[in-house]
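Below is one structure, written out as structure tokens, with a few remarks after it.
A, B and C are the chain letters, set down in written order, and residue numbers restart from 1 in every chain.
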Amino acid sequence: MQSYVHVILAGLSSGMFIWLVASGLTLIFGVLGVLNFAHGSFYMLGAYCAFTVLKYLGAGFWAGLLLGPLAVCAAGFVVERFFLRHVYRIALPYQLLLTFAFVLIFDNLVKIVWGGGALSPPSLSFLGGSIPILGRNFPVYNLFIIAVGPTVALLLWALLEKTWYGRIIRASSSDREMAASLGVRVPALFTGVFVFGTWLGALGGGLAVPYVGLLTPGMGETIIIEAFIVAVIGGLGSLKGAFVGALVIGILSAFGTRFFPAFDMALTFILMGGVLLWRPQGLFGATR
Amino acid sequence: MGEPLLTTQKLSNHFGMVCTARDLDLSFERGVLTSIIGPNGAGKSTLINLLTGHLPVQSGTIRFQGRDITRLPIHKRVRMGICRSFQIVNVFPELTVAQNVMIPVLARTGRSWRPIRSLSRETTVLRETEAMLTKVGLLPERDTPATALSHGDLRLLEVGVALAAAPMLLFLDEPTAGMNPVERVRLLENIRQLAREGRTTFVVVEHDMDVVFSLSERIIVLHRGEVLCDGTPAQVRGDAKVREVYLGDDVSDLFRINEE
Amino acid sequence: MRAQTRNAVAASAVLLALCAVPFLAGKFAIYLTMRIMLLGIFAVGYNLLLGQTGLLSFGHGAFYAAGAYGLGLFGAHVSTHPLLGVAAGVAAAVLVALLIGYLCVRHTEIYFAMLTLACGMMVFSLIWNLREITGGDDGLIGIMRAPVPLFGGIKIPIGTDGQFYFFVLFFFALGVWVVHRIRQSPFGLALAGIRENARRSEFAGVPVRRYRLAVFVLSGAFAGLAGSLEALLESNARPFMAHWTHSAEPVLVSLLGGMSSLAGPLVGGAIYIAMREIIQRFTENWMLWFGIVLLVIILGFRGGVVGTLSALFRKAAAKGEG
């Protein structure tokens, strides 16, 4: 019983963590129609910036979490405003390759600024340590992640469904031309959404600092694949889908890792293949 | 007359709450040039999409030469002899006019799969492509990329690509849309000529009443997914229901032709 | 001079130059030219899928790896005959491409790209985890370059790089010739039609899904060929070959050189490797500069090097006549 509960908890925390990273990716795709390879880089930048605030500016974890992602937003703004904007209307390969070019650029910039080696952050005082659950210790921080996930989901839902701004975002994503002719300044809106999505990714990175425990320049590349899979399973562009997909992947992977360790990486892909065979557009995706 | 080319049995389609096709029982005879008319939203495009395989059938059946083709994929229907042109020009943009027309010819002659043989050696295909280009009057433009054509020539290409599949039954979806009068006359003459040659049966969706009444041997009037009237131009002109539905500009056109 | 004759002359000149390299250049240049040819085979076959048919796959590294591991495992367990080994590698790649392709071609655009990406990474993780068979993250090592047995008991040695060079050159020339023929063929035109307008191709009677699968497997075969040749060249097979960042290489290279011509991916491959060698002398972070080059190309020179240059030549020629 105890191991099942712990596996589920582990699955929930990894699932919610992936949801946090995938949320920004999904939002950007849903509104702008662009799949941002560089989202993993923004995640990585968020982690590194938060780490810098934490370590070199002597501020606490929360300050790092607050300031780090904000710094990354500047990068997001530059990417969208001066580069991505020019490729919205051209063929998919160019869009993907543009974001991929930024992966190369950011990954190497990080190596130049922070060095190519791994960085370990200092351990947390407030949310650090573990508490016993059913007799076995479970990290407190992971419980924190399990709480943050649905909170962010709720906030995003409220933003998109209940606010005026959210309504405009939804309208512009389904019909760009109509929104523009109704007076919405679509380019500015797109920049705003992109920066917000970048912020979400960077926030994931900031939260990753105590969770993953080690910062490397390659951390963006591994996380982006998982985020892609979750987004595809849930249906590209659907935040609800990404949330559900992340939960499913998180819990099933946790069981897989525990009971079938040889297949841990392949399991996620097999799951994705299975879902797409059954529903080609993902769980909650729009049928074309 | 013999067995009809294409028949439908209780063909129906819903788009959410809107019924776009309601229990349609239609039959198309070989060699009879038919027009499908109706006000906007009548279901003309839906019908073409269902018959050609563009839209999956929700209920009902379609038979071509007696064979059930309801679930047949598009390219198989084309190989059987059912083809269509599109209302919005839908050609191969970066390819030349000749290449555009060659693709259906290659598919029809079963040669499109050949990976090593050079196209320049496919003399039959090249000859047929030239013949088709001459038929629609686009031979001088053969090496022009489709993106560089004038609108009228594009519409000719649109019909040409559809014709190149040498279909038995060809659905033309508003072929003269946006054409100037000269181009329109030329295209209609082409269609009349080709219909006379007898190899292809044309079914034309049109809005222009002059075109419809001068070209067709049979007119089907659709309204809200149902057949309002189905008969010769004279029968349609005289039908009270048709006048009622067309109250407005087109009716006066109908009356004008009536008085001539 | 007619374009066709001009191209034939240029191709012959390049072939002649390539034949001359082992006699005129040093060891490192020979090695580098072989790497360029391998990347050329990978990219020119890949571009049949991307540039000709319009499908973006981010998982072709899986087929490259299949070729490498196929040859390596064949050599370890069956025979070290190089030609049979290459055949085994290509066969393995074709098999994997058939499986993955069948799953993926029913999807379009972005889902296709993501699915192939994920399938490629699945192959990567399988190679990584199945240690007993594939050697895990150490890879397969000690792959031998045995002499090529021909009829009459003659054995052609390919042990040294200078000798192996001609083995690679043979497959490079063969591969490029095959792609050239396909581009000029009815099948090639049908693929171009699918790229330009898949829906209309259906209505022209072209079996679109079947042809997409066919060209997917074909490009996979080329990837497998390149992979098996690399296994012989480097004497090893590594899991990284199936990683998505390796799968990105033929995409980048085709874009760099130009997606609409035969020569584009080849020129792109040569520039890519040359750039890497030169920039790496000055800085470790050459990928940063490559990223910047990529940005410039996407924003301004989408025809790639070959596309942009031929457009310039055409304009100059037109002005000359005017």
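To be clear about the criterion, a contact is a pair of C-beta atoms (placed from the backbone, for glycine too) under 8 Å apart; a residue touches a chain by one contact, two chains touch by 3 or more.
Since the model is a prediction, treat every value here as computed from it, not as a measurement.
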Overall pattern in which the protein chains touch one another (line/ring/star/complete/other): line
Chain closest to the middle, measuring from C-alpha centroids that were averaged per chain: C
Subunit B and subunit C, separation of their C-alpha mean positions in angstrom: 43
Intercentroid distance (Cα basis), subunit C paired with subunit A, Å: 33
Intercentroid distance (Cα basis), subunit B paired with subunit A, Å: 49
Residue list for subunit C, restricted to those that touch at least two other chains: none
Residues of subunit B engaged with two or more neighbouring chains: none
Touching two or more other chains - residue numbers and ranges from subunit A: none
Contact footprint of subunit B on subunit C as seen in their complex: 178, 181-182, 184-190, 192-193, 196-197, 199-208, 211
For the subunit A and subunit C complex, residues of the former touching the latter: 35, 83, 86-87, 90-94, 96-98, 100-105, 107-109, 111-112, 116, 221, 225, 228-229, 232, 236, 262-266, 269-270, 272-273, 276-277, 280-281, 288
Residue ranges of subunit C in contact with subunit A within the complex: 50, 54, 56, 58, 103, 106-111, 113-115, 117-119, 121-122, 124-126, 128-130, 244-245, 248, 251-252, 255, 259, 284-285, 287-288, 290-292, 294-295, 298-299, 302
Touching residues (chain side subunit B, partner subunit C) in the complex: 52, 73-75, 78-79, 83-84, 86, 90-95, 99, 102-104, 106-108, 111-120, 122, 125, 161-162, 164-165
